[in-house]
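Chain IDs A, B, C and D follow the sequence of writing; residue 1 opens each chain.
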Amino acid sequence: MQRNPDIPTIVKIEKVIDETPTVRTLVFSDEVLSNVLPGQFAMVWIPGINELPMSVMISREKGKAAFTVRKHGFASTELYSLKVGEQLGVRGPYGSSFTIKQGKILLVGGGTGLVPLIRLLTFLKKTDDVTLLIGSKTKNEVFFEKMANQILEHNKHAVIVVTEDGSYGKTGLVTEAMENLFSQIKFDVVYTCGPEKMMHKVVQLASSKNIYVEASIERMMKCGMGICGSCCFGEVLACRDGTVFDGKYLLTNKEFGYTHRNKAGILENY
Amino acid sequence: MKPNISTEVGAIKIERPTMLASGILGISLEVFDRLYKEGAGALVTKSLSKEPWEGYPNPTVVGVKAGYLNAVGLSNPGAPYFAKMISSNKTVPIIVSLVGSIPEDFDFMIKQFENVKILGYELNLSCPHVEKVGLEVGDDPELVHKIVKSVKTQSKVPVIAKVGLGSSDYLETVRVACESGVDAITAINTIRAMAIDVETTRPILSHKIGGLSGSAIKPIAVRCVYEISSQFDIPIIGCGGVSSWEDSIEFILAGASAVQVGSALVDKWVGVFSEINDGISKYMEKKNFSKIKDMIGIAKKP
Amino acid sequence: MKPNISTEVGAIKIERPTMLASGILGISLEVFDRLYKEGAGALVTKSLSKEPWEGYPNPTVVGVKAGYLNAVGLSNPGAPYFAKMISSNKTVPIIVSLVGSIPEDFDFMIKQFENVKILGYELNLSCPHVEKVGLEVGDDPELVHKIVKSVKTQSKVPVIAKVGLGSSDYLETVRVACESGVDAITAINTIRAMAIDVETTRPILSHKIGGLSGSAIKPIAVRCVYEISSQFDIPIIGCGGVSSWEDSIEFILAGASAVQVGSALVDKWVGVFSEINDGISKYMEKKNFSKIKDMIGIAKKP
Amino acid sequence: MQRNPDIPTIVKIEKVIDETPTVRTLVFSDEVLSNVLPGQFAMVWIPGINELPMSVMISREKGKAAFTVRKHGFASTELYSLKVGEQLGVRGPYGSSFTIKQGKILLVGGGTGLVPLIRLLTFLKKTDDVTLLIGSKTKNEVFFEKMANQILEHNKHAVIVVTEDGSYGKTGLVTEAMENLFSQIKFDVVYTCGPEKMMHKVVQLASSKNIYVEASIERMMKCGMGICGSCCFGEVLACRDGTVFDGKYLLTNKEFGYTHRNKAGILENY
């Protein structure tokens, strides 16, 4: 019997990896989620607590998948605090995925926005020339740098970390580093995921140079399957029409970079 | 000649008989506009309350074998905010769904929409998972009477009562609503239901009990439309498990003047409206029906 | 150690928690014997009336997208005939379902079974498609009180009341039945529903309206079991859409001591009982439950 | 989308063939029913009237199927009286089918019991030696003789009609003719469908000679899918465990040849 993607499947946490003092990766076995496309997400039920949308993180082991979660408010902190052997419900995968292009590729990620980008790396061709920009406030919030280098070891590639306080890698905003790169390299495509203000800037920069760009959008999500309306983003629904949109569309969406809806559906500024 | 698929729900005239059901994507004017262009004949908003409601924590919507369970908890931005948001509307046929506990709640909300272009109101007397509103109102005939009377006095546009299966006889709610002057009935809302996960031994929805929608409830909804149309002389909007033109025709034959589509968006997404409209049109052509009206309720013939 | 899947529904002790639901194949002792050997823990008969009933003309049972519709019309050979037919029974755990309009109907029928070996009676207070019996009784608290009182006085074996969703609050029916001394509750019967064929524009069932069973109603049935077990201290038999061990566990976690299986026979035929029993057993082993009782109602924990 | 066999599919009668003054064949297009196995039946809805179990008759045209109905009581007479262009609802196919064997094959049919046997003929191998016994009261009730000969034209075969009044073919009961044949030919298998008294005799005769025999049983049917119980036949359900049973089983079933249940479920004698 094929599994109904809208009914939670219970998985057991098999491994917990500390990425930074506030970010952990929870690994579990699940054939379906291990094979999702880059950009797709799951609705993750922490039984008795809440359910959150989470990008599906890769695991290097076959048949396994993971979530990489930053402890933040109540639900994400509960998720972050789960131990090996504890259960999660997962439904999905939901959402669209990044379009796989070839050539000189730039990925710009911040925080847990790196999750879909890391998965995307595993879909790239060995002939691609790949640059990954990792943005972070400070050194001890940096993660996935080593993993990205490993995935790209057979590619021409660069993994560049940018910290706002200069405690590691380059100094400044990731978007500043991106502008610098643009003056040196002509990229064929840009992918981004992270804070919306950052993505907005990335999309503007790429578009201004006529480079094809895609971003994965976050909105309040309840159903994940396109009926509740909570993830509404202009005339599109982030969970269903997205989460990945191309820059051309995004620049026509007047919410992009500015506003999102809260749990009651009221627009709030970023 | 192409059949005419426009329809009339009492004084509400719409170009196509397929509406978006309340609570489904019904949160922004842009989405309404898109769905209207995709073929929806009218758009019913999320049920609005006086003040913004956050709704229940997740999980609020999950699948079951034959449909969906939800206990969203009527999350909505509140009538004042919503009225402002759609105040620029000129072209989209919007029906505003309202939820409240006492006549004054409804009066307050109707004031907000006084200068907004809308087709009508749908009173949610049937949400099965929030206390003091919805079904708890619908199950109380006296309160239904008071609310409908009062809303009808205030409103300049037609008023629809949306009923569901609660803990009293829904036909009694329909009777009282009709006697109190309502212009049409929407039947039905979701049916109280739940799912328990056997691995964790817990109810899945955070609210534990929610409402069942989708294919599962269609035969029950068709029955309700058939019963209402057999007993009352009131226009009916069929709702519950509509996912194809056949389903829509089934509701129309049972007595509905139009249908609402909700859960089917999961499988068919926004294309569902034109798919259904085209199917209805082809069916009418084949069967020689020139207008929707000719089909309404004909399954009641002996 | 192998988990013990025997269960107790009040004073009714059965070796396995899966029963055959009333009206399903329940017409002959030979079939009961076969299903018992196939793994059913108990067999509920077709609902019996004082006199033989032919039931409605065909179509009486048809499929719908997520289940089945039936308006068999309680066809049955009558209690006297049936009692004679099963009088030779020694080993098969039979529960006799009875349907009637007044206490005297039930008294008469119970007399017929005085010397027949049966586990108990199930009072059908919930058939949704025959007049003057079933739901029309269940919706009338006073009548429920009279019938249960009278049956409890007459019967030497436990008495179960089978409830369903009618036009009044089913929890009120449960309350009255409990107060009148009933030993257990079966929840739920089919739900009033219908299907209309769009080609012929006719209701499919000859009775037009029938009862919906199968997967479609499972989330509603689970909710009812959960509600009853939250509000009353009475053993419950879960019924409605059970087709797998997961479904059965779901009902048990909601508060049921046993389950009944009906429509699932269409897909899984007589092997359904042992499939479910094996699944329950494996689940208990994995989860370290040693007996059914340890699982009953635990989804209610906060 | 695959069709749900339990929901009536509406078909239109395309041709009506008079077989005898009281038997007609109604032909319609239906891919599913055109391909059923011999012995399988459909539940046939005459809208507004009733629904009856009917063996699925073959049509020589691809994609078409048929019912051959004898006018009898109310419902069958309504079915019999339908005209070209009128609609029927069909659900199914339901039930088991005859086991296809090879060698010297005897089929014994009476009345509309011939329907599944005619379909069975189309499943036989060209190398089979086939004898079909058609029993009938009188000459003008005989049908399918020509069709059977046509189907069997490339086989070694004999189609033998037996009328009780001797107005056509051999004289007597079909079971008497069968006894005669048994004294001349050693059959490998016997298939039968028709009045139960006749089938009972056929099964007894074949079994007494240790010949494998199968019969298709009729009982009151409501659901056709094995839940309503109306077709109960001893411990088996005719619609689901059957309609085809082998002789060895049938002789252990004490209802076979003697009793059947009426609409209320009360046993009545044949």
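The working rule: a residue touches a chain if its C-beta (ideal position, glycine included) is under 8 Å from a C-beta of that chain, and two chains touch if they have at least 3 such contacts.
Model, not experiment: these values are computed from the prediction.
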{"item": "Other chains in touch with both subunit A and subunit C", "value": "B"}
{"item": "Distance between the centres, which are taken as Cα means, of subunit C and subunit B, whole angstrom", "value": "33"}
{"item": "Subunit A-subunit D separation of Cα centroids, rounded to whole Å", "value": "65"}
{"item": "Subunit B and subunit D, separation of their C-alpha mean positions in angstrom", "value": "51"}
{"item": "Intercentroid distance (Cα basis), subunit B paired with subunit A, Å", "value": "36"}
{"item": "Multi-partner residues of subunit A (each touching 2 or more other chains)", "value": "none"}
{"item": "Shared-contact residues (touching 2 or more other chains) in subunit B", "value": "64-65, 195, 202"}
{"item": "Arrangement of touching chains [line / ring / star / complete / other]", "value": "line"}
{"item": "In contact (per the touch rule at the top): chain pairs", "value": "A-B, B-C, C-D"}
{"item": "In the complex with subunit C, residue positions of subunit B that touch it", "value": "64-67, 69, 165, 167-172, 191-196, 198, 201-203, 208-209, 212, 215-220, 222-223, 226-227, 241, 246, 249-250, 253-254, 283, 295, 298-299, 301"}
{"item": "Subunit C contact footprint on subunit D (complex, rising order)", "value": "4-8, 10, 43, 45, 47-48, 50-52, 75, 87, 89, 91, 222-230, 232, 234-237, 240, 261-266"}
{"item": "Subunit A partner contacts - residues on subunit B that touch it in the complex", "value": "23-28, 30-31, 33-34, 46, 52-55, 57-65, 68, 70, 72, 75-78, 81, 195, 197, 199-200, 202, 204, 206, 262-263, 265-266, 269"}
